[in-house]
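Have a look at these structures, which come just after this line.
Next come two complexes built around chain A: one with chain B, the other with chain C.
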Partner chain A sequence: MLKSIRSHCGLAILLSYYLIFIGVPAISLFYFSLTDITVSNLTNPTFLGLTNYIKMVSEERFVYNLLFTFELVAYVVPITFLMGLVFALFLNSGKLFLKPIASLLLVLPWVTPIVAWAMSVRYLFAPGGPYSILLEKVLGFPLRIFSDPVGSKIFLMINLVWISAPQATLFTISALSSVPRSVIEAARLDGAYGISLFRHIILPLIKEKLLIVLILIITFTIMAAEAILAFTGGGPGFVTETLAVRMYTEGRMFHNFGYASSIGVFLLIIAFILGLMLLLLAKER
Partner chain B sequence: MARKGLLRKQKLSRRQALSTAGKIAIGVIASGIVAGVAGYYAGGGGAPLKTTTIKEKETVTVTKTVTQTVSGPTVTISPTTTATSVSTTPTATIPTKVELKFAHFYDPALGGPFKVNHDYLLKVYKGFAEEFPNISIKETFYPWDQLDDKMMVAKKVGIPIDLCMASPQVWLKHREVGTFKDLTPYLKTLPKSLIDSIMWNPSWRFKATYPEGIPMNLHVSILVWRRDLFEEAGLDPDVGPSNIDDLIEFAKKTTKPEKGQYGVAMTLGDKIQNFQLVFVPFVWGYGGEIVDEEGKAVFADSPEAVEAVKEINDLFNKYKVASKEESFIPDATEVWKRFLEGKHAINLSYFTGLLAWYESEGMWKGIAPPTEHPVYLKARIGPWPLPTGYGWGHGGWHLCIHANSKHPDEAWEFIKYWIRPEVIADYPDMGIPAHRDLWNKPVYQTEPYRIMFQQAEKVKPLPTSKFYYELCEQTKYMFYEIIIEGKPVKETMKKYQDTFNRKYYG
Partner chain C sequence: MIPRKIVQALVTVLFFIFLAFWIYPLLNLTLLSFSTKTYTVEFTLRNYISLLSSPRYLNYLKNSFIVALGSAAIQIPVCLPAGYELARHKSKVIAFANRFFPFSLAIPWTVILVSVLIYYLRIGLYDTLIGLIFHHSAFSAPFVAWIYSTFIRSLPKDIEEAAQLDGCGKARLIFQITLPLIAPGLIGAFVWVFINVWNTFIVAAFLIESEENIVFAQALYNALTYIMSGGMLNFAYAATVIFITPPMILFIIFRKWIEQILIY
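== the complex of A and B ==
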C-alpha cells in the first residue's frame, strides 16, 4: 500500500514537472508558431495559422539548414558515440596508468566555456595561426575554416565531437560500472575475453543505457547552437547553419519569435521522432 | 500457489511498466530539452551581463542652478540655464536620492577601446556627481550588438531603465516598439546654437533619429593603409590610392601571398559589418541605391550597385589582391586585428570609431584623442577612394531616455551634462565630434581631421529599415555566393533582394 502511494507520488511529481517545465513551454511554443509575434507586438500578436510553416518549408535556406542538421547528426553522433565507448572501456579497465589524469583531461572540454574555447581554437586555425601553419607544412595545404565550405564543416565537426565526447564517456562509464563483477568473472572463467566478452556479455547488459547516451548525443548535436555560433558563426554563408542556429538567429537577433517558434516546433518533432525510433528499435531487439 | 503466481506476474508486469515509463520519460526529457532550448531561443531576452553602481555617499536636498559656459571659438551656450527651465516638470529640486539605470556597452572587462571609453565615462560620472550629488548612476553592460534588442525587449516586459545608448540604424524598429521617450519638450530648452550644432549630424539632418536620441559621435568610413608595407613595396608611404585604379595597383604591389600578406581586406564574414563597412560604402561610392523609402531592398535594380559588387568580387577573383579566408572571418574585430599584425596593406572596412584603438596600438600618435601635432607612425588615413567619394556615416551612438524611465528629468540632466562641449570633447569613441561647432577647435585643424571632415561632408546616414539586421544578413550570404561559390553577380543580387522583400514585405 505504502509502496503504491510512493509510486503514485513519484509519478505525480514527474508529471507535474513535465507539465510545468516542458508541457506548458511546448504548448506556448506551438501557439507562438501560429502567430506573427515579434518584439513590437509581444502582448497582442496576430493569429496567422500555418503561414509561418508554409513560409518555412518553401524557403531554400530552411531546406539547406535541415539537410546540414542531418549531416551533422550523421557524422558527429557515431564518432562521438564510438569515442565515448572506447574512452570509457579504457578508463574502466582498472589498470590504466595515469587514470586520474586521463579522467581529468577527458572532462576538461566539458567544463570549459564553449565561447572562450572557440575563440582560442579559432585563433589557432585562423590564417597565420600556429595550427594553420603546421597543417600547411604537414598536409601541403591549409585547412581553410572561414572560406572553404568543406574546411569549415570539418572544423566544426571536429570541435563538436571534442565537446560532446566527454559526456558520452562519462555516461558510458556509468553504464559499464553497472555490470556486476561476478558476471564478468563468470564469463572469464568460461573463456570470454576482450571483444567477445564485450560483445556477448557486457553489451547486452548495457544496451539500454547506451541508447540513452545515443539519445543525449543526438539531442546535443541537434541543439548545438551556441557552439556553432562560437566556432563558425554558421558561415561561410550559411554552410554550417543548422536549424537550431537558424532558430536562434530568427528569435534572438531578429525578434521574429513566431517564425523562430515554428522552427522550434519542427525541431521538437524531429527530436521526438528520432527518440521514438531508437526506443522502438531497442524494444524490437 | 495460484495467488503467488499471480503476484509474480503482477511484479513482472509492474517492472515492465516501469521500464516502459522510464523509456517514455527519457524520450520526454530529450524532447523537453529541445522544447526548453527552443523556447529560450525563441522567447524573450536574457539577463544583463554585469552591473556596476557608482554612487555618491551624500544624500542631500538641493536646488540646483546649472551654469554652462563653453570655451572655444564659436560655441557659446546660453550663459545661465536654470535646471527648472530644462524640462516640463521642475527638476531643480530633487527631494530624494535618485539612481539612474544606464545601459551601455563600454564594459571595462573587455579591455581595449571598451576600457578606454569606460575610463572616460567614470570621469563624466564624477563630474556629474559633483554637480548633482543626489543622482547616482548604475551601469548595466550589454554586448554592443545586442544593446538595441535588449532595450526593445526591456520596453515590452517593463524592465526599468532610465538612460541607454542606441544605434540609429535600427531606429524604425525602435519607433515601432516605442523604446524611447520623445525628447521634444527637453530639446526646446536647449540653446538654439547647440541644437544647430548637433542638427548637422547626419542622423538628425535626415531626421532619422530626431527627437528621441541625441547623437554622441559621428562615424564615417575612411581608408587606412600600412605605411611600412607601402614602403616595402616601393610605394610612397604617405600617398594613398585616390581612385579605384590606384587602389588595385597599390593592392597588387603589396600582395605577397607567400608571406600571408594581402593588398586589401574587408569584413565580409561579419553578420553586420559586411553590410555597414563594405556593401554600403562601395555601393554609395559608385552612386548606387540600397533601399527605397519603405525600406525594401532595391540594390539589384541599381546598375551602380551591381557595378560596385562586381568590383568587390574582382578584388578577390580577378586581381587576387584579397584573401577570401582573411576577409570571411566571422568577426570584424579579427580582420581589424590582422591589419595591426601587418597582414593587410589597405583596410577597406575602417571607420572613424576605431581611431583611438589603432592609436593605442601604435599606428599613429595624437589623432585620438586629437592634438595639434598628430604623427603618422605605421599607418595613415585617407579619403574613401571610390568614384562619388560617398562613404557611409551615421550619428554613431545615440543617448536616449528609455520609455520605462521613472526619472526622465534626472536622466535629461545627465544627458545635458554629457553633451556639454567641454565634456563631450574628450569622448574617445567620438571619431569625429557630434557637435559641428567643435570642429573649429585648434586640435581639429590638422591634416587627419581635414580628411575626415571632408569625408564627413559626403556621408549619408546608413540605410534605415525595420529589418536592418535581416538586410545585413542577406548581403553576407550574397557575398559568399558571389565571391566564394563564384555565382553570377547580378542574378545573385537579385535573388537575395527578392528573398528579403518577399519575406519582410510580402
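== the complex of A and C ==
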C-alpha cells in the first residue's frame, strides 16, 4: 500500500497542478454558464438557470456562428487531411532529392507565430497590396477581401489550410511510420505500386491512426480562435465568426462572462465527444 | 495507368508551390521591414533602431521572455517525477495516464479561458505574468510528462541498477546518472514549450490587460487590428521580424530534438 502511494507521488503532484489551473476552471465553467456573472458581480452572481442557453439557441447570430463553424469544417478539414496525406506519402516514399529541405520547411510553419503569418498575408491582400492588384487584373474589378463576405471567407479558409496542412502532414507521417518497411518491400516485390500499394497494404494498416488524425484536425478547426482572430478578426460584421471567436468577443470584449461561458460549455461538449472518440481509438503507445 | 514518375513530379510541384505560398509573404515582410515606404523596397535600419530603443517594445520583449522561460522551466520540477513514474512503474492509473497524456494537447482548453479569467479576477492573478505562466505550464504539463517518460523508458534499467549496486544514492542516481542521459528530452521539451508559449497570444489576450504586462504576441495582435488602416506598417513588420527571431534561432539550434517531439 505504502509503496503504491510512493510510486504515484509525482503523478499526484502533476495532476493536482493540472486540476487547480485547468480542471477547476473547466468544471466551474458549467456553473458560470447558468449565471449572469460579469465584472461587477464577480463573487455573487445571480443564478439564472437555463436563460443563457435559451438566449443562445434563439439568437440569430449564434445560429449563424454555428453554421459557419460547420461550413469551415466542411471545407477546411477534407482539404487539409488530403494534403497532409499526399505530402506524407510523398515524403515517406524513399529517396527524394530535396527531402531534407522539404522536411525542414514542413516544420517551420509550426515555429512561425500565427500573428506574424497574418501580418504578412494581410498586407498582401490589403487594398493596394501586390495580391489585390493581381486579383484586380485577373477579375477585372477591384475585390476588397476584408470587406467582401465571400472574399474574406475564402481568404480565411485558404489560410487555415495553409497553417494546418503542415501539422496534418506531421501527424500523418507519424501514422505512416508505424507501417513496417518490410511489409512495404514485400508488397513491392509482389508488384503493388502507387495507389494500389496504398489502398490494399498501407491503408488497412493505418486506418485507425488516420481517423485519429482526422479527429485532431476537426478539433483544431472548430476551436481555432487564434487564427481566425488574427486573419479576419471575425469580420466583416460577423461573417467569419465561429463559435470560438464569438466566445472571445462576448467574454473579453463585452464582459458577458455568463453568456460566453454557455458558448464555452457548448464547445466543451463537442470537444468532449471528439475526445472520447480519440480515447477509444487510441491504443496505449 | 498514369506513370509513377509523372505522379511524383506533380506532387513535388504541388508541394513546392504550397511551400512557396508559405514562404513568400514572410520573405516579403522581412524585405519591407528594412524599408520606410509601404510597398517599395529600400534598405535602412531605421525601423529596427527606433524599435530597439523604444522602452515599450523592450518591455514586451522582456515580458515574453519571462512568460516563455517561466512556463518552460516550471515543467521540470512538475513533470519530471511524473514522467519517471509513467516510465518505470505499473498500475491502472499509470496505464490510463500513458494512454491519455499524449492526447492532452488535443483538448482545446482555449474554451475555458473565460472561466480562467473569472478565477484570476477573483484571486488576483488577473493581469499578472505569473498567472499566464501558471496557465501555460498547466496546459502542457501532461504532454511534457509523457515526453519525459518516453525518453526515460528508452534508458535501459540496467544502468540505474548497476549504479545502485555500486553504492549510488537515490539523489545522486537522479542527478548524475538519469538526468544527463535524458538531457535531450529535457532540453527538447523546454524549447518546445518555449516556442509554443512565445507564439500564442490568445491566452494573454484573455488574461492580460495593462500596457506594462502585455506580451509581444499580444502587442502584435493589437497592432494588427488598427495597422491595416494605414500607419506605421514597416515599423510593425520590423517588430514582427524581431518577434520571429528567438523561436527561429532556438528551432535551428535544437532542431533534431524538437522534431523527435513533433513527430511522436
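Convention: the second predicted complex is superposed on the first by the 238 of 285 C-alpha atoms of A that agree within 3 Å, B and C clash if a C-alpha of one lies under 4 Å from a C-alpha of the other, contacts with A are read in each partner's own complex, and residues count from 1 in each chain.
The rule is short, and it goes like this: contacts are C-beta pairs under 8 Å (C-beta built on N, C-alpha and C of every residue); 3 or more make two chains touch, one makes a residue touch a chain.
Source: prediction; values computed, not measured.
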Counting residues of chain A touched by each partner, does chain B or chain C come out ahead?
C
Touching A:40, do we find chain B (first), chain C (second), both, or neither?
first
Contact-wise, after the overlay, does A:22 reach chain B, chain C, both or neither (first, second, both, neither)?
both
After lining up the shared chain so the two structures overlap, which partner does A:276 touch, if you call chain B first and chain C second: first, second, both or neither?
first
Report for A:253: first if it touches chain B alone, second if chain C alone, otherwise both or neither.
first
Return first, second, both or neither, reflecting whether A:147 touches chain B, chain C, both chains, or no partner chain.
first
Identify the partner contact of A:223: answer first if only chain B is touched, second if only chain C is, both if each is, neither if none is.
both
Considering only touches as defined above, state whether A:128 meets chain B (first), chain C (second), both or neither.
both
Going through chain A, the residues touched by chain B and also by chain C turn out to be 11, 14, 18, 21-22, 25-26, 28-29, 32, 39, 42-43, 122, 126, 128, 146, 215-216, 219, 222-223, 225, 233, 244, 247-248, 251-252, 257, 260-261, 264, 267-268, 271, 275, 279, 282-283
Using the touch definition up top, name the residues of chain C that touch chain A in the complex.
4, 7-8, 11-12, 14-16, 18-19, 21-23, 25-26, 28-29, 32, 38-39, 78-86, 89, 91, 93-95, 97-100, 102-103, 106-119, 121-122, 134-135, 137-139, 141-142, 145, 195, 198-202, 205-206, 217, 220-221, 224-225, 228, 233, 236-237, 240, 243-244, 247-248, 251, 255, 258-259, 262-264
What does chain B use to touch chain A in their complex?
21, 23, 25-39, 41-43, 45, 149, 152-153, 156-157, 173, 176-177, 260, 269, 271, 323-331, 334, 338, 341, 343, 467, 469-470, 473, 476-477, 480-481, 484-485, 503
Taking the complex as given, what residues does chain A use to touch chain B?
11, 14, 18, 21-22, 25-26, 28-29, 32, 39-40, 42-43, 55, 61, 122, 126-128, 142, 144-149, 212, 215-216, 218-219, 222-223, 225, 232-233, 235-239, 244, 247-255, 257, 260-261, 263-265, 267-268, 271-272, 275-276, 279, 282-283
Spell out the part of chain A that touches chain C in their complex, as residue ranges.
4, 7-11, 13-15, 17-18, 20-22, 24-26, 28-29, 32, 37, 39, 42-43, 83, 86-87, 90, 93, 96, 98, 102, 104-105, 107-124, 126, 128-130, 146, 162, 165-166, 170, 173-174, 177, 193-194, 215-216, 219-220, 222-223, 225-226, 229-230, 233, 244, 247-248, 251-252, 257, 260-261, 264, 267-268, 271, 275, 278-279, 282-285
